[in-house]
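One chain, chain A, appears in both complexes that follow, with chain B as partner in the first and chain C in the second.
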Partner chain A sequence: MSEHSATPARRFDPGAILLTILTLIAAFIWFFPIYWGLVTSFRFDDETVTDFSLIPTNPTLKNYIFTIQNSDLPIWYLNSTITSVGVTVLVLLMSACTGYAISQLQFPGRKALWWMILASFMVPVSALIVNHFIIIADVKLLNSHLGIILPMLIAPVTVIIYKQFFDGLPRDFREAAVMDGATEFQLLFRIFLPMNWGITTALAIITFIGAWNSFLWPFLATQDEKMMTVTVGISAVQDAYGVAYGRLLAGAVLAGLPVSLAYLFFQRRVTQAITLTAGIKG
Partner chain B sequence: MAQVELSNISKRYGAVEVIRDLGLTIKDGSFCALLGPSGCGKSTMLRMIAGLEAVTGGTIKIGDTDVTHTAPKSRGVAMVFQSYALYPHLTVAENITFSMSLAGAPKAAQRAAAEKVGKLLQLDQLLDRRPAALSGGQRQRVAIGRALVRDPKVFLFDEPLSNLDALLRVQMRLELARLHADLKTTMIYVTHDQVEAMTLADQIVVLDKGKIAQAGSPWELYNQPANRFVAGFIGSPGMNFLAGQGTAKGITLRDGTELALTRSAPGPVELGLRPEHFTIATDGPIRGRASVVEYLGNTSYAYIDTDHGPMVVEADGAGIKAGDQVGLVPDLSKAHLFDASGAAV
Partner chain C sequence: MLRNRRTELLTAFVLVAPFLAVYGWLFLYPTFQMIEMTFLKAPLIGEGKWAGFANYAKMFRDPVMRIAVLNTAYFVLLTVIPGTIVALSIALMVRRLKGFMQSLILAAFFLPYVLPVTVVYVLWDWMTNLQFGMLQGPIALIAGEPTNIWRTTGWFMPGAAILTIWWTNGFSILLFLAGLRNIPAELYEAAELDGATRWQMFTRVTFPLLWPVTVLCLTIQLILQLKIFDQVYLFAQGGQTRATMVMVQYIYEQAFQKNNGGYSATIALALFVIVLAFSLFQFQVLRVRSVK
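Moving on to the complex of A and B:
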């Protein structure tokens, strides 16, 4: 009996090897600045431009301690958490309801509403920012959590994803529940959404990350340091510290920490969300 | 339990009229099958009784109540869907008692109801499983359980066995028959499978293009079809039709063969004969060549190419094989005659 391996022998493929090398180079180019920022945050200020070792010669937490003690970082964290959670909850709630209504209900203006949502892609958020500022200022919501949250609730992508998901569900589920006496809200919250929490979880994570990372609107909406979010606050630190790379990078690391942890723990869901939105965002 | 009465029902989708001026009474405790080819309007009719489709015209009464414009949940009907429509995120027990849960029934009452229904449908060991962990037959039973727990006046079944394999279908058919015998609740059952309709129902309504072609007992439909459509639709293999001219004594077939009948109609007519109403002989008034002989175990059928077109006859014990020239002797006492409009004479 001849000895044959179950798996075919690997052939030498120069193209694949070249591609692997290029990918590794690209990954290195992408990752190295992040790594350098991280290690620099553990260096003393005077070493940031003199110590070029890959691992800090005299690692220190001084920058972190200084940043925490001399800034409103805990408050910024709280503000970011409140606004990001608020945006996430409201965006998902409104998108699920809107997606459900457009997908499942018959009402006058349904198609017009759907086209409006699709058309809203044409308008970049930054083009609306002045309008947002004027409206929020008019209703005296600048420097408030609600003022940060409200303009960030425009999320056509999540509406579209929910609508597509609801469109794909067999009609029998709805009709069986209607026969059992379910109201539209019961249908949405007891049948349609629980049937695939994966979509909601994925959208929640990506919405939260987006809200946490957002800068432009929170930057405009908050002048009071006590109302700033982490991303805005860190930029204020930069202004306050001047060129103090260690402290700046410590602040940046602290600002990005929750999002990094979210990526770390919910990697699969984040990937799912990116896949869900990829075909829509373009 | 309740009688279902449909009066002058019509249903229109834009310019398309799928149900036309339909009237039907389904007696209290009856097992009524709505039978017909795809697109005949049988599912639409069931959905109108359920309240899932609005009627364009006419009235629907369940018991003494006019439910034409009543919400589905308030009609006292429960429906079993073709796809089962079991909620994948809920357990069997939760699926069964979903309607109770919506109505805010106490958890203990829900569990008790689930256990009672589970026992009746042999699901008692599966109550905490999710639908994905069940076989097709078990899922079907859960769907029936969900209808049962509502204690409806009328059960509606929309092709409930069509997703099951042949063996399981027979088994579930028996279970449905037993269930009906136990509950004695009015059941309306949509199917395109005439075997299901014939075996389960005490009343079959054959629909054709949105109209009732005939309503009656399985025996009536098989032995006394009211028209050519029903005669051709009921029975497997189907009835053979021989075209000819009506005479005072019976019919003259296209090849000049005269057959004497007890009934007659002038003009173009069709003679209908079921496959079992022929004797295969070496010669006979109808002659042809066997193209295929199907052996089914308990009997066999021969497909004969004749001058009158292809015919199928029961050939059990005839000992013929494909290629044989045969003569067919019809049992004219069992023959059906249809006039030019297709109505039985």
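Moving on to the complex of A and C:
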């Protein structure tokens, strides 16, 4: 028996080496559009259509400086930051509170609320865009940060995840804390949430990325160029540049930078958030 | 004890109130408003006139609606199953790697998922540029000559599908990796002892155990891709949009370009019902999994 269990993995295995090489080639091809966009954004205008080397021969920041100075990109950045942070904070606060109440407290309508949340999880919010537009126009919030934020607060998944997380915590904690005279708010913010900041971090990152990237609603809600988010803005101005791909790509790189960095720094949290949203325990 | 009960009720109310307010105002109310609008002949903003089932009758006869439904279905067909197969292959490749190498390669495959759609649009517009795009080589090989794929009907949907798989596949890759991690290593050791080949291990061990995750990926993708709009809108703008019309785009066109509020709500309700039907199916799948 013991001879057999000696693992054969160390043996020379041409199949394994071939698979690894194929993996590297596939990863290179997959990443290439991003890489090629990056490289082109560092080239001079005339070079973008003459120089096709993989590494820019004369790297320049000209496109970036031009884009920052001659477009509304800095304002769009500010708009995106305000709306994305706003959505993230509000969604997490509302979801944690609601999830906590449904999980830990007894109140009439609790079951009905839970079923409504589960049901709304199945409904496509993109079918409601026309009515969102009517409602937000009605309260005169088109072309405002709040108007961009409001319809994005419909996030049943985070409530569901919080509720399930609170359900999984041991009952004794709560009973002991209640004996000591802690209020429900202290329970939620001092005991329950701190027990696993990881979940909150993961949900915050994925909510932020989603808000930063959302296109359809901010696109409808902003006609005024000064109120656009980066995601909407960079597609709105492309005609103004003509075929200056270097500048377009510099704007695209800047628009994608915060979310890319959020992913690269918090790779494991993003993975956690995605497996949580899909209902798999990773 | 009674006092406690009252404070509990009050706290529950305070905790739930903001959520309920937002939900009532921006989810329940617009849903009912949408249904009401389907019975009106109404502009986007302003009073409408009762129209009975006229919008529904129009929708079932509308040739553009037909195109939009067929294109949406075609897009779903081109993305859902192919995308899931690609994601599974990538997950299998990534899983074999270790440590830093694995994180690096996974990042290369996953990064597109976190990018905004407009960034994806600019990147691919450059890659497929008629004169200078790096992809014109392969395109010319298939089409016989360099082609502007976003202005050529036969190319548009397959092009949008490939781009979408590239963009959204990271989600499925992560789900497959999580699923793969849950397969006990002993099963592979046992299979190896029995002299199983790599292919046999995949078909007899990996794939059957991954089947629930595969179904999950397929349904999530299906529901996501039914709502296709952004990519198609961005690549079709400035050109002929009718041939490549998809459902959400038709809602948008009727509401914001033609000012037909009532009719656009009717199309929206159709999409709503279709997505809901598939979501109920997904919910059943998830329930079966969690019961197990």
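We adopt the following convention: the second predicted complex is superposed on the first by the 255 of 282 C-alpha atoms of A that agree within 3 Å, B and C clash if a C-alpha of one lies under 4 Å from a C-alpha of the other, contacts with A are read in each partner's own complex, and residues count from 1 in each chain.
Heads up, the rule we're going with is that a residue touches a chain if its C-beta (ideal position, glycine included) is under 8 Å from a C-beta of that chain, and two chains touch if they have at least 3 such contacts.
It should be emphasised that the depicted structure is a prediction, and the values quoted were computed from it without experimental measurement.
Once the two complexes are overlaid on the shared chain, A:Thr57 sits clear of chain B and of chain C alike.
In the overlay built on the shared chain, the residue A:Ile274 is in contact with chain C alone; chain B does not reach it. In the superposition on chain A, contact of A:Asn70 is made with neither chain B nor chain C. Shared-chain residue A:Phe133: touches chain C; no touch with chain B.
One of chain B and chain C touches more residues of chain A, and that partner is C.
In the overlay built on the shared chain, the residue A:Phe107 is in contact with chain C alone; chain B does not reach it. When the two structures are aligned on the shared chain, A:Ala252 is found in touch with chain C, with no touch to chain B.
In the superposed model, A:Gln223 lies in contact with neither chain B nor chain C. Contacts of chain A with chain B, set against its contacts with chain C after fitting on chain A, share not one residue. Remark: chain A residues 170, 172-173, 175-182, 186, 190-191, 194-195, 197 touch chain B in the complex.
Against chain A, in their complex, chain C makes its touches with residues 7-9, 11-13, 15-16, 18-20, 22-23, 25-27, 29-31, 33-34, 37, 44-45, 90, 93-94, 96-97, 103, 105-112, 114-119, 121-127, 129, 131-132, 134, 166, 171, 174-175, 177-179, 181, 189, 192-193, 198, 213, 216, 220, 223, 226-227, 229-230, 234, 248, 251-252, 255-256, 261, 264-265, 268-269, 271-272, 275-276, 279-280, 282-283, 286, 289-290.
Within the complex formed with chain A, the chain B residues making contact are 50-52, 72-73, 77-79, 81-85, 87-89, 98-99, 102-103, 146, 150.
Note for the complex: chain A touches chain C at residues 4-5, 8, 15-16, 19-20, 22-24, 26-28, 30-34, 36-37, 40, 48-49, 52, 93-95, 97-98, 100-102, 105-107, 110, 113, 116, 118, 120-135, 137, 150-151, 153-154, 159, 183-185, 188, 209, 212-213, 215-216, 220, 230-232, 234-235, 238, 245, 248-249, 251-253, 255-256, 259-260, 262-264, 267, 270-271, 274-275, 278-280, 282.
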